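Next come two complexes built around chain A: one with chain B, the other with chain C.
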Partner chain A sequence: MSDMPQPGLRRRLAFPIDKIPLLLFAALLLFFCFQAPWFLSWQNLSVILTQTAPLAILCFGLACVIIGGGDDVVSGGIDLSLPATSVLAVAVVSIGVQLDVSIFLLALLAVAAALLAGLLNALMVVRVGLPPLLATLASSVAIVGLTNYLARQRRISIDAPWLVAFRDGDLLGIPWAVWFMLAVFVLYQFLVHHSRWGQHLQASGGSREAAELAGLPFKSLMLHSYLLAGFAAALAALTLLSRGSGSSPGAEEPLLLEMVLATFIGTAFSRRRVVTIWGALLGALLVNALSNGLALMRVDIFWVGTVKGALILLVLSAAAVQRRGQL
Partner chain B sequence: MSQSTMAVNTASGSRGDRALMLFARYGFQLMLLVFILFFALNSPVFFTVENLANVLQGNAILLIVALAMTLVVVAGGIDLSVGVALDFGAAFALVALKTWHWPWQAAVLAALTGGALVGLVNAILILGFKVKPFLATLGTWFIGSSLERVLTDGGGPIAYRRMATAYHDIAVGSLWGIAIPVVIAVALMLICYLLLERTLFGKRIHAVGLNPVASLLAGVNVKRNLFWVLIASSVLCAIGGVILSANLRQFSPLAGQSYLLDAIAAVFIGTAFHPQGRPNVPGTLAGVLFLGLMANGLNLMGLDFILKDALNGLVLLVALVLSFWQGRLRQRLQWQQRGSS
Partner chain C sequence: MTQSLHRAAAGGLFMRHIRKAFAGVAALDGVDLTVHPGEIHGLIGENGAGKSTLIKILAGVCTPDDGEISVGGRVLASVSPAAVQQEGIRFIHQELHLIPHFTVAESVFIGQERSHRWGGLNRRAMRADSEAFFREVLNIRLDGNRLIRDLSQAELKLVQIARALIDGEARLVVFDEPTAPLEAREAALLFDAIRALKARGIAIIYVSHYLNEITQICDRVTVLRNGRQVATLDEVKAEDVDRLIALMVGRELTTLFAAPAAQADTSVPWLTLENGGGEAFRQLNMQLFPGEIVGIAGLSGSGREQLIDTLYGLYPLRQGTLRIAGKAVKLRSPVQAIARGIALVPRDRRHHGLIQPLSVADNINIASPQSLSRFGWELKEKARKNALALAEKLDIRPRNVRQAVRYLSGGNQQKVILARWLNSHSQLFILDEPTLGVDVGARAEIYHLTRQLADKGRCVLVSSSDASELIGLCDRLLVMRRGEIVADVPTENLTQDGLLALTSGGSEQETPL
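Right, the complex of A and B next:
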């Protein structure tokens, strides 16, 4: 790794391997374009974009935690409680709207709940020393339990005017949810990739020991990353609320797997195969485009899980094989 | 740290230190005792032999799955596909019984084969393609549960009411007055314990889990050992699947998933009982019993089921935090003692 890259046979052989996921995605999208005539229509694209919003915003939050804690899934950072937190925020807002609580108070309450969940995770990870995977899995169960207790496992539909406006309105032909997603993307991209704090976060994720020796406050960086992830969950709640027009029990389950899938697929878009905010956005878009394309082609819904599972394994295997090529 | 500062430290806080030491050693056990007392005072049935036997029987499958998880976690990995392995075991057994009309012994063998298939896929992904265990088994989980839905037209159960009584007895029969699932689970637990703590294979798994690079340098065939751990884990889960399918007399797709989180929790709660905070078989048993007693106690209190679910999540969280905190405290105290002596 220390010497300059040399254009040898081995390097030329290694080249296509790490491009396999991208090539495959491109091939799949092209396939959809030809097979499903409506795939590229503006209406369909805008549906894909709108439906991506909650997933993408959750992925930004997860990306923060993974970037700060390192991308080893067991010992590094991960936050599996984000979908549950988001659904909790949705439930809180839905119940509040039914009780005619003012929307500002509700927004405040939802953000506070999400930040509290983030704080709980951070305390368990940093203070108690639980592996993040375990801590956030357990808090996810507890949060889902709390949500079900609050909402009594009912579907709560709301049609407050502001929600309808957010759901159906658009600016320059692009739905509000997509603008919102882009705004959150810009915020997180700036925080993680273009600010001093973000550089510190990346350093501590790269090597905890090196970061501590360089004088970076590892623990408070971890705390901040979990809080930022909780905040993302609160932001995702708005888009989730508009997508479902209210709160439904069990909404967190499909989101959890898709969030992990999209964030790790996103590593295929970075040159160093690391988790990035930009990659998370593209990963989320891809996952949703895939679901959409398969649905347009009338593929049995039960096969979709197989396709997605095979995809994540392919991306990860390609990344692993490439890493071995480097060593 | 020099001797004098340590001496001052211990002298100034001897009482607090002793309390801490006591907590570090018995904290979790004390909490368990408090909970049991609470439940016993709340419900007259809780402390009866029948109820405790019920708890044991109801958690036999969880114990088996948790043992599988213990093996994998000792080897330094994690297995999210335990539910799929369990389902595959149940499905293979039922198809063998119902469609192929195999004798029940052959059906059990078919179930073990089904479980081993899942383990094989995991092993190919983890050892062949070098995908990290968490993500590899997550992929297996995705694909496996999707396949279960595809093959059952969306998750309809496969029922077989007229199965051989010998097979049904695996779940409901009793041997020397003890329920057969409990007998199987305890036997498997003993085997796992002996395997992990009393054989060379077990020592190697511990070594691989603690430091794979060092054990490779020391001449351990890391890949071969991990391969057998992954296969053993899935086969164990398939045994759980056999018991489940025999009990319900049907295969219900995706039923195995409900054991995943409890199994992980039991293993990690169990690490609190080990001096070095390692996953271990007796600790896993304690973790399973803890979870089972909690659920049973909350059930007996007659709470509304939504509230019970919420409380269960909270109890899980508190138990994990306490057990890890205890483990950490004990390690720190040990380190201090070593420094002072």
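Right, the complex of A and C next:
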């Protein structure tokens, strides 16, 4: 119609808006470089990368669910129970190691528990029809309760030889945890962005009607995405275990916020402005670099929360403004 | 990929003696349709003539009571969506169903992606194949890497076509109102693509309300009226538009309508729109007078829906001035529109008009709760009596106003909405498709109520796709086409043929190219 140029114009106006979080991050990182020269040292970068591993792997899982369910924060796909699931897996393994159970059996148990959590979430969302936000928030609370019951809210330290090797060892100067993160990245990147399954998942998240019309089974696609997310939570448990040398209560809380933040920040890295695995990796790195930089500058720990919360708001507002521009 | 289009030449489509009745009413009564390879066959008829039922039967969505379908000389044993797809029959629906953040190539290959032997997606092949398809089959250049959200309406339509045809197995393609969202220039682009398909020997069924398009692009035309096949013309020329209209219409106006009590006073308009421009319309001038029922006619895509939504504050008015009772106003939301005295009876009453779980009384009283409450407390008894009085006046059945509104029939639900607004102090009533899905009896009552509103000195604006309703109910009609008002005519002496000619751009020799 005659108004055809209108959306294009609006989109051009909206273009810098979604870059705001990125620009802000870039400015902050630059600021750290000047204020804390230690920030750019190899040793510190290695610390940031190692610390990012659990968050990044959780973000890959969350990205699968968001890509398959749509990126609307309220009605789209989301899985808030991933950090809780991961911490549950950590607790199970820690308790098992203390009881001298075989590590293979424990790994199997951890993966099974995580997949079960994913399956439960998927059934709640796909079969019962609960909004993913509520369903996974509820299951998160339940899973945290289960973890506390099992671990009695104690810290359980373990120093099994395999864990020490994974924690302290490196290959070509790069810690094992980073290699592990990269391997998981390659796996998820392939599944979501380079396989037919991933293409179908993106289609069902993009438009359910379009997916159905093309004969794609969006219900089973969504189920798969929750299972894949649960699997990611189990994988993240290994890096969490090595980072904390065991299980500690309440570890899921900071992860939850950072996971959602990092995954949505990732949209700023994609040409199509959608959630991607690659974006989730970069988002996780950014969030951790930010925490690290603030800590190096000895910023009050309570301010760190405020800064992160403000960033979430900024990213979500940018996304909302941008979406409004598209209508 | 292009060489595999050879299947197209294998044979045409024959639909014989197709019958279908819904609840005893014949929707299709022995319709025959033959479409040869390389032929563009127009399918026309008024709303409710049976076009969509016929298309649904062909798509396997709807089972005929009688008749048979054969493709390429073989009778189809079962007609299911999957079987139809297998036979090479493809549908280009009105809705695009495309994903905004997908590329053109991804959208074309959705559900039938190309992979490397090692399992990864072969993006290069998908891009090359989709671009080759656009170039060689549809005669157009389109970059396979562009995002869907950056495309024009015409390009989106072409992507939709490519998606249906990319497997090279298509023998028959059904286009359902393909040009509705397109500008004339874009429609020309689409016609080129359709002619290119025809040249490849693909059979095409083309459904459209725009009769000048039908005469331009179709080789033969089948006309349906009230479920019957009125005629199949073996040749159509531009001069045939009036003949097609005469074949499509053929119903008489019934005495459903009430005459106005007095001639409306058209000296001082209550609402004026000067040079209005907004979502899908432009340069609009209109005046509404108290006591007058004004209709808006126009095909889907004419901007009719957007105009009334704008008057109700759902879309912003981008250009021009809106005056209400002489004062220039801006309506930014329905709340402001209601405050200015505008009431809307929406088309989709189940979702937008009524609160289904609430009672009839609550739904009637919802627009005027002030007088029914004291210090914020709702006066239950007074509210119930008020609702009951209105229910009696409007003959809402059953008369129990405590019943949840969801159990009422369509016609009675519509009356509940009318009752709600009768109750209010609104000055302008916008009725959007007021009798959609309403039976004839309730329809007459709704028409009489509408006339009563006008006789009380209110303005009434009716938007409808039913030609007989517009002519019978309204005093004056605004005819919209492609975002503009092309005629402002009294309904006296206006025939359905005349109206159809105005909405579809028929007898005026205006070509869209």
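Everything below uses one rule, namely that the second predicted complex is superposed on the first by the 299 of 327 C-alpha atoms of A that agree within 3 Å, B and C clash if a C-alpha of one lies under 4 Å from a C-alpha of the other, contacts with A are read in each partner's own complex, and residues count from 1 in each chain.
Please note the rule applied: a residue touches a chain if its C-beta (ideal position, glycine included) is under 8 Å from a C-beta of that chain, and two chains touch if they have at least 3 such contacts.
Note that the coordinates shown come from a computational prediction; the quantities given were computed from them, not determined experimentally.
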**Prompt:** Who touches more of chain A, chain B or chain C?
**Reply:** B
**Prompt:** Does the superposition put A:A214 against chain B (first), chain C (second), both, or neither?
**Reply:** second
**Asked** In the superposed arrangement, does A:Q153 touch chain B (first), chain C (second), both or neither?
**Response** first
**Asked** For A:S195, is the partner it touches chain B (first), chain C (second), both, or none of the two (neither)?
**Response** second
**Prompt:** Taking the superposition as given, does A:R272 touch the first partner, chain B, the second, chain C, both, or neither?
**Reply:** second
**Request:** Applying the touch criterion given at the start, work out whether A:G206 contacts chain B, chain C, both or neither, answering first, second, both or neither.
**Result:** second
**Request:** Once the structures are superposed on A, label A:Q35 by its partner contacts, choosing first (chain B), second (chain C), both or neither.
**Result:** neither
**Asked** Considering the complex alone, what residue numbers of chain A touch chain B?
**Response** 72-74, 124, 128-131, 133-135, 137-139, 141-146, 148-149, 152-153, 257, 260-261, 264, 300, 302-306, 308-310, 312-313, 316-317, 320-321, 323-324
**Prompt:** Residues of chain C touching chain A in their complex?
**Reply:** 95, 97-102, 106, 110-111, 113, 115, 119-121, 147, 149-150, 152-153, 163, 181, 183, 277, 279-280, 282, 303, 318, 482-483
**Item:** Touching residues (chain side chain A, partner chain C) in the complex
**Value:** 1-4, 8, 190, 194-196, 198-200, 202-203, 206-207, 209-211, 213-216, 271-274, 326
**Residues of chain B touching chain A in the complex** = 77-78, 125, 129-136, 138-143, 145-147, 149-150, 154, 261, 264-265, 268, 306-307, 309-314, 316-317, 320-321, 324-325, 328
